[in-house]
Structure formats: structure tokens, C-alpha cells
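A single structure is presented below for examination.
Here the chain labels run A, B, C, D, E and F in written order, and each chain numbers its own residues starting at 1.
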Amino acid sequence: MNSILLHAPALIIALPLLAAFITPILGRFNRKTISWLATCVLGLTLLLTIFVARQVLTHGPIVYVFGATETGLTLPFGYTMPIRIIFQIDAMGIFMGLITSLVAFLAAIYSISYMEQHTGLDKYYTLLLLLATSMFGMELTGDIFNFFVFFEIASISSVALIAFRSTISGEPAEAGLKYMVVSSISALMVLFAIGLFYGQYDALNMATIASVMQFTQLDKIALILLVTVLAMKAGSVPMHMWTPDAYSEAPAAITMILVAASQASLYALFRIVFSIYNVTLNTVTVGWILIILGVLSMFIGVTMAIIQKDIKRLMAYHSISQTGYMLLGVGVGLAVLTNPVALESFGIKAMEGGIFHIINNALYKGLLFLTAGAIFLRTDTRDLNKMGGLAHNMTYTTIFYIIGAAAIAGIPPFNGFASKLIIYESVYRFNPLLAIIAMLVSVLTLASFVKVFHSAFLGPRLEQYKSVQEVPKSMIIAMAVLSCLIVFFGLFPNLIVKYIVHPAVMALINQAHYTATILGGI
Amino acid sequence: MNIALLETGSGYWNTLIWVVTALIIGVCVLWLRNRGESRYKKDTDQTKPFLSGNPEVSKEDSHVGASHLYWGFTEALKNYYEPLVKMHTGNINDYSGWIVLVMAIIFIIIGVS
Amino acid sequence: MIGNFPFIAVIILIGLGVYSLLFKKNLIKIAIGLTLIESGVNLFLIALGFRKGAVAPIYTQAPEGVKMVLPTPQALCLTSIVIGVATTALILSIVMVIYQKYGTINTDEIRRLRG
Amino acid sequence: MIGGMSRIVRTMTTLIFGFILVYGFYVIAHGHISPGGGFQGGAIVASAFALLLVTYGTDQIQSYLSKDLLSILESTGLVLFITFAFLGLGATFFYNFVSNSGGLFGSPTTIGVNPGDLNTGGTIALMNMAVGLEVLAALGVIVLTMSVAAETIQKKEKQ
Amino acid sequence: MKKPVFFIAFIFFLAFMVLAAIGMRPFGEPSISNMDDYFIENAQAETAANNVVTTIVFDYRGFDTLGEGTVLFTAVVGIVALFREVAK
Amino acid sequence: MSPLISITHIVILVIMITAAFLAVVLRDLLSSVIALAAASLLLALEYYLLHAPDVAIAEAGIGAALTMAIYIFAIRATKK
């Protein structure tokens, strides 16, 4: 038993992968079991992730060396550089891993009834498992080329899932093509940057690169490429155009995972800026680049959301705007990284706000997309003009929608308020104007969700939706779990911030500790 | 440690106090509401609006659609919205063009500094 | 400059690919552009691993006492090539589906999702 | 494409097909001692499939080479591959537990330049075969699916 | 309207890529090669295979290869799902 | 590296870039795909000269043969 748990980091990847490989064979014999298989495996993965998280948060970072004689043998005897692929799991990585496993598990539960009428379900679940696996890989790995491989799996599987409904109409295929083109460019640019690193330092391990980083001309170019393409994959303005297309055309459960996937890219951006470059780069300039990207995303995202007529497109623009908050919080932290006084007084808090917002965003954005999926399942339309009066028939969905909308708009006591409050207060001490913009964006967010609430749920019972029923149980369970977590996080924010978010932020800031985990010694 | 207390760096915010306050306010509102008129009945002449003698519009027709909400807002910000909407062309060439453009801008910023 | 000629070739390949992505209106041309960028990046990796006067890193045929070229980029490049063919195949399949539904592969006409 | 090609081309293709197949499997099997390996060999075999498709047309080939069989082969290859990785769990995931152990593929090789022995390499040789199986089936499915789809779209256009 | 802007951006992109090419160490003379020298020296003893590239692909970086096979698998599943038969 | 081999490298790279250029600019899709395959084949040759036979076999098998087959299927399907 103990030895199995020693291999938990590898099993987090290997189990869903094995399930994904078996699914096509199994799908030939018994179509019904596939959804349950996927759900069970993802549930098991969630348990493993929680176990690993407990290990990491109590005993410090875990390393797992693939193919070595021992799991912790990072360096071959008598050498000072790692040669094998190493999983390096610190508080930040496992924080993202928790989000991913939770979201993937709930998406699998939700899909059981949501995808019932679709054909090709074995392919759907295979791709779902693969997408979850690839996100784990991106978050846990400590090897930059391994990151590229998982990045590519993530984009290919999400493209296939976005285009999954293209047998019905052409739009999903169009959205998939757009996403595929931009993510191929980004993956190739990441590979080019890896080549730049490899050519200079002859290393692929992120900690090794970080320990010899000199910020030469080539490192600058690699930084430009990596920051741009990862910010693009996270959906920041002005490279956000794929986001509304992809999010609105994917099935609802997949949209929820795509939100988490774009946050995994955001995580990779933070990892590269903080763990590989850290203070060698010009922190103020790069910090301001992140801040400007964040502010643009917040503002343009929310203003574009207000004029949308498609419910999922509207929510997709909101997720762009929420990404802006994370970039803003962490960007402020980066901008004051070389100034210990400012870092201590508000930089760390700003980063805590930004990182805390990641998990909050995954929860309420996921909930909102799931409610949008529930509406789509019953009314067969995403056009807000055609909806109305759904609150009469879909009571649970309405309640969940209100919780999600209140959380995203930052109304206490839900979780969105907690992280936004931290961001406002700490950013205000950095630059008051930014905090004011952030608050304005929050108000506009509330306005646009009031619009959705009014046009979809309120109003008289419409003729064509007289016979609409509440959605099936599995969908309600998934939404209820998310709602409970939102309320819990909102009521006890300090619990989360202190025990999960703060270690994650410290793991990002403390580069010496990151390299020492692999290379040994301080 | 008080788990319901959120430290924000420059101060703190207590969720429990907020929840309790909200509950008290809610109870007060309910109490005020109960003190209101008790002879009010639904679906009688009491609730019918008087529109200068015109017949009342049916409820289905009076529902404001999503496109008409915030009409004034978008109309007032027309100068802002027009170029913004035009920017979202939906053309794949432009999608990749924006990426290259942002790369170039960041290159100029980082290269100069 | 002349000593770095493979790197210059890499840049030209990537440039051609990006040009094709930005200014070509045909979806198949866009796929060709992606393939070109990918070839460029692969050539970059292999060129990084080259060592003057060295031989291929295979002990079966190598002469005695000669240095070998760096093997890691070759492994990475192998991975990258297979990933490239997977990507290309998926893109072209989506292009075929789009043609089936829209009746065109011109990027100016494939923009039902916008705004 | 629909009708296939002339008889001479067909005969030549059938002849060449066998040679390409043999060469592909040779490359897969000798991956650990000579240039090549699972990916290269699988790609070569799959290009032989593509050649068959081009000369004979999709309709004829589909009766010999079903997509279902190929996708089962593909999954099997990957499951084998990950199983070899799992078997290393005594030490770590992906530990090469066969090499230098005696047994099949387990004999040690002489250090330095030597002509090489097929019975070496440990899991490398086994994984080469698993990956070769997977790659040839995967690329075969891709080629087959796309050619069938292309033909369907063409037929719809004509109507 | 936007074409010239993108063209100028493209020129800048090319410019910094050329900077990368010129700034790279001279072709054929790797300055540091610790990791690769380790592979070349120890691959035969540790894994008993003559082809160093294959030892890296399947042993030292075997996990990448699993990912690579997964990419291919994903693409195949995606393509089959795209062209799947629609029942009814 | 002797000048002769250096010149061979340069010649192959120049022909390859020409083929890639043709692949981008040619109007006829079929000819541009053939140019792409030619570029791929020359790239495989270049890999071989750079002492990467593994990659050369992969590039020749996948890049030149299979990718071209896939492209031809796509072009045939999307032909007007």
C-alpha cells in the first residue's frame, strides 16, 4: 500500500491515460459502462491528488524521477545535472492539480446525462480523460519539453472536443479550426523557445535552466515568445478572439474544463516568469506587461460581454475578463519582486489575491457554464432573445445561476468577493487607478449578469417552454457540489488562503527553493 | 485563528459578521413587509394597472428581450463599441496576426528597456 | 554570419510559414504554413545538436574514437515530427468538415462566429 | 482514385508492398541497434497502406483493412506500451527492468563500438514493438478515414 | 485596413528571429554538453542498447514518448469522432 | 567541416528554401503540396548530413510520404 502511494505522482497521470487507452476497446462491447468508468477513474484521481496535496503541504515538495532506480534520485551518481524527466510537485503545482481534478471529475458526472443523446460517446469520454491527463501533466511536470508534449495533447484533445458537435452544424468545426491554428502556433513557438534554452544551457529541466539563467539576448527572445503564446492560450486581450468561439461551441461540461485548461496555461506563464527567470529579468517591465495585458483583458472582456446575445459567448467574454484579474494580481507581485519592502507589504497579498482568484474562477465560471448547458439542454437555444421565464420551471438551475452570478460579480458572502477584495486593497497601494478600474469592471460584470438573469429566467412563462422540466439528477449533483464549494470558500476564505494559497505563492516567489529541490543543497 | 476572518494586507473582513448583519437586515425587511396592507389581493381590480384607458399589454409582449437591455448604454458608448466590434473580425488570419503583433510590441518594450 | 547558415535557413522557413498564416486566404495554405514552421523548428533542434567532425550517435556503425553528435535533440525532434503529423491530420480533417458544411475554404467567408 | 489505377501499377504495387512491409518491420525490430525504431518503422508501414489506398481505391481496400481492427490494434499497442512502463513500478514508472537481467532482450551489450546484438536493450526493444504497432495502426486509421471521408464528400458534390 | 499593421509586425517578428539566429552560438560548436555526454558515455552500460537516440527516446525520456503516442492516439480519436456516422 | 561538405549543406538548404517558397506562393494547391513534399525530402537529406539518421528516416516516411497523402486527400475533398 505504502509503495503504491509512493508512486502517486506517476499514477495521477498513468491511471486516466490507461483508462483512455482501454475505452475504445471497451466501447465496442459495452457502451453503457464507459461513462461510469471515466467517472470512477477521475474520482480516483481526485483522491490521489488530495493525497499528494496533503503530502506536499505538510512535508514540502515531492519529486518523482521517471525511469530511475528510486523515485527521489534526481541526480545520477557523481553528476550535478538531472538527465531524466522529473515531476516536480510543489504547492503551486498541486494547487492547480486540485482544481483540474475537481473540475474534470464534476465534468464527467455532468456529462452522464448531458451527453446522453449524442453519438460517439466512447470517443467523447476518451478525449475527456486525455484532456484531464494533459492538464495534470502541464501542471506537475518539471521538464520543459515534457511540458510541451502535454501542452500539445491538451490542445489537440480540446480541439477534438470543441468540434465534437460538428456532425450537427458547421460552427463547432469552425471554432475548432480557429483554436487549432492558434494553439499550433503557440506550441511551435514554445518548442522554439525550448530550442533556445537547450542551445545555450544544454538542459531541459526547468530547475537546471533556472540555476544557470543569465538573461542573455536569446533568453529575452525566449521570454517574449513564451509570455506571448502562454498569455494567448490563457485568453488575454488582444489575443482573446478564439476564446468566445471555442467556449460557446464546445459542450457545456467541456467548456468548464477549457476554463481550467486556459488557467493551466496561465500557471505555466507564472511558472516560467517566476521559477525560471525570477529576478534575472527586468521585473518592473515584465510586471507592467502582465498588468497591462490584465487590465486590457478585464476591461475589453467585460465591455464586449455586455453587448452579447449568445449566453455562452457572454460568459466566455467574462472568463477573459476574470483572467485579467489574475494577471493583474500576479503582475503587481512581479513588478515589486525586487523591492523587499513593497513585496512584504502588498506584493505577496496581491499575488495571493490573483492565485486565489484562479480557483474561485474555476468554480463559479464552471457553475455558470453548467447552468448555461442546462438551459441549452432544455430549450435547445443559446440565444438570449428567445429565452424567458425559465425560473418558473427550472428552480434548481435558477438558484445555482444566482449563486454563480453573485460570486462572479463579487457579492459577499460568496468566494468571488474574497479574492477580489484582496486584489483591490493590495493593488490600490501599488497604483490606485488600477484598483479603480478593477472595481468598475466588477460593477459592469454584475450589470451583464443581471441582463442574463432578466432575459433568461425572469418574465412570464413563454408558450414554447411550457413543458420544460428540471434537468436530470447527475447534472444537478455536479452543479450543487460547485455551489456548496463556492459558499464554503466564501464563508471561510482565510482557511483556503492560509493553508493552500499562501504556500503556493511562496513556492512561486522562492526560486532558490525550487532549484534546490532538484539540484540539492541551498 | 479566526477562520472566518479574511486578512487583506491593510485590514480585515469578517464574513460571519457580514452574514449576521445580512440576516438581521433581512429579518427587519420581512417585519416591515408584514406591517403592510393586508387587504391586498391578487388578480382583482386592485392589481390592474391603469394605462389611460388603453387595454393592458399581455405579459408575454411586455418582456424586454436581451438585445434591448442596456440600449442606452451601448448607444452612449457608440464611439467606443464600433471599432471594438470591428476588431473582432472572426478571420483566422487576423487571429494569428494579433499574436505576431503582440510579440512585436513586447519585443520593442523589452528590447528597449 | 555564414557560419550560422542553418540557423538562417530556420528563420527563413519560419518566416515563410508565418507569412502564409498571416496573408494567405486558403485554409490549406494555412496548414502548409504550419507544416513549414514545424519543419523549421525541427531543423533548428537538429542543427543545435550538430558537432563538427562527429558521427551519428549509434555504436553499431561508428568508427572508433570519434566524437558523436548530441543525441538529445534528435530524440526531441522525433517526438516533434510525430506531433506535427498528428496536428496536420487533425487540421486537414477539420478543413474537410468545414468544406462539407460551408462549401468554401476561404478564410474571408468562414466567419460566422464573430463579434 | 475511385476506380483505382491500371493493371501494371497494381501488380507493381503488390510487389513493392511486400518489400515495404518487410523493411518497415525490420526497422521496428532493429530500433535499438541501428537507425530506426517504432515510429520510423510504423510510418513506413503506414505509407505502404497509403500506397495501397492510392492504387486500389478505397472501396477495395476497406474490405481487407477494416478501421475497427486498426483502432483496436492501436489501443492494444498503447496499452502494451503503458504496461511495460507500469511493470517498472518496482523501482519507478518507466524503469528499464529487463535490461542486463539475462532473459529475452536482457543480455548486456559490449561497451564501445560493436556490431550489436538483437537480444539486448531490455524494455527498449519491447517498447519499440508496442509503439511500432501503435503508430502503424494510428497512421493507417488516419489515412483510411481521411480517404473515405474525401470520397464521401466528393460523391456528395457530384450529386 | 489592418493589413499594413500586421505586415509591419511581421517584419519586426522576422527581425527578432534573425537576432536569435545571429546571437546563437556558432553552428557545430556546442559550448556546454554535459547532459548529452552523459548519454553518450553511459547509455550502453545502463540500458544495453547501441542506438543512443533510441535509449533516450524509450528510456531516459520514455515518458515523453508515452506523451507522443498519446498525441497520435488523441488525433486519431479526434479524426474518427469528426467523421463519425450520425445515427438516425 | 571541410568546405566541400559545407557547400553541399548550403546547396541543399537553398533548394529546400526555394521549394518551401514555391509551396507558399504557388496558386495551384496540388503543385504547392508537391513542392512541400520536395522540401520535406530535402530536409530529410539535410538531417542525414547532420548525422541524424533516425530523424531522417522519420522525416522521409512521415513528412514526405504520409503528410503528402493526407494533403492530397484534403485537396481532393475540397476541390470545387
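Everything that follows uses one rule, which is that a residue touches a chain if its C-beta (ideal position, glycine included) is under 8 Å from a C-beta of that chain, and two chains touch if they have at least 3 such contacts.
Model, not experiment: these values are computed from the prediction.
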For this session: Could you tell me which pair, B-E or D-F, is linked by more C-beta pairs in contact?
Result: D-F
Seminar exercise, completed: Computed over C-alpha atoms, the centroid farthest from that of chain C is that of chain B
Problem set entry | Chain centre separation in whole Å, for chain E relative to chain D (CA means) | 21
Exercise. How many angstrom lie between the CA centroids of chain A and chain B, rounded to a whole number?
Worked result: 24
For this session: Provide the C-alpha centroid distance between chain C and chain F, rounded to the nearest whole angstrom.
Result: 10
Exercise. Where the CA atoms of chain A average out and where those of chain C average out, how many Å apart are those spots?
Worked result: 28
For this session: Could you list which residues of chain D touch at least two other chains?
Result: 33-35, 37, 39, 71, 74-75, 78, 82, 85, 93-94, 96, 112, 114, 116, 135, 139, 142, 145-146, 149-150, 153
For this session: Mind pulling the residue numbers of chain F that touch at least two other chains?
Result: 1, 52-54, 58, 62, 66, 70, 73-74, 77-78
Seminar exercise, completed: Listed in rising order, chain E residues that touch 2 or more other chains are 6, 10, 13, 16-17, 20, 24, 28, 30, 33, 35-36, 39, 44, 50-51, 53-54, 57, 59, 61-68, 70-76, 78-80, 82-83
For this session: Using the contact rule from the top, write out all pairs of chains that touch.
Result: A-B, A-C, A-D, A-E, B-C, B-E, C-D, C-E, C-F, D-E, D-F, E-F
Exercise. Any idea which chain B residues touch chain C in the complex?
Worked result: 85, 88-93, 96-97, 100
Exercise. Which of the residues in chain C come into contact with chain A in the complex?
Worked result: 14, 21, 27, 30, 34, 37-38, 41, 44-45, 48, 70, 72-73, 76, 79-80, 83, 86-87, 90-91, 94-95, 97-98, 100-102, 110-113
Exercise. So in the complex, which bits of chain B are touching chain E?
Worked result: 93-94, 97, 100-101, 103-105, 107-108, 111
Problem set entry | Contact footprint of chain B on chain C as seen in their complex | 18, 21-25, 27, 30, 107-108, 110-115
For this session: Using the touch rule from the top, collect the residues of chain E that touch chain B in their complex.
Result: 2, 5-6, 8-10, 12-13, 16
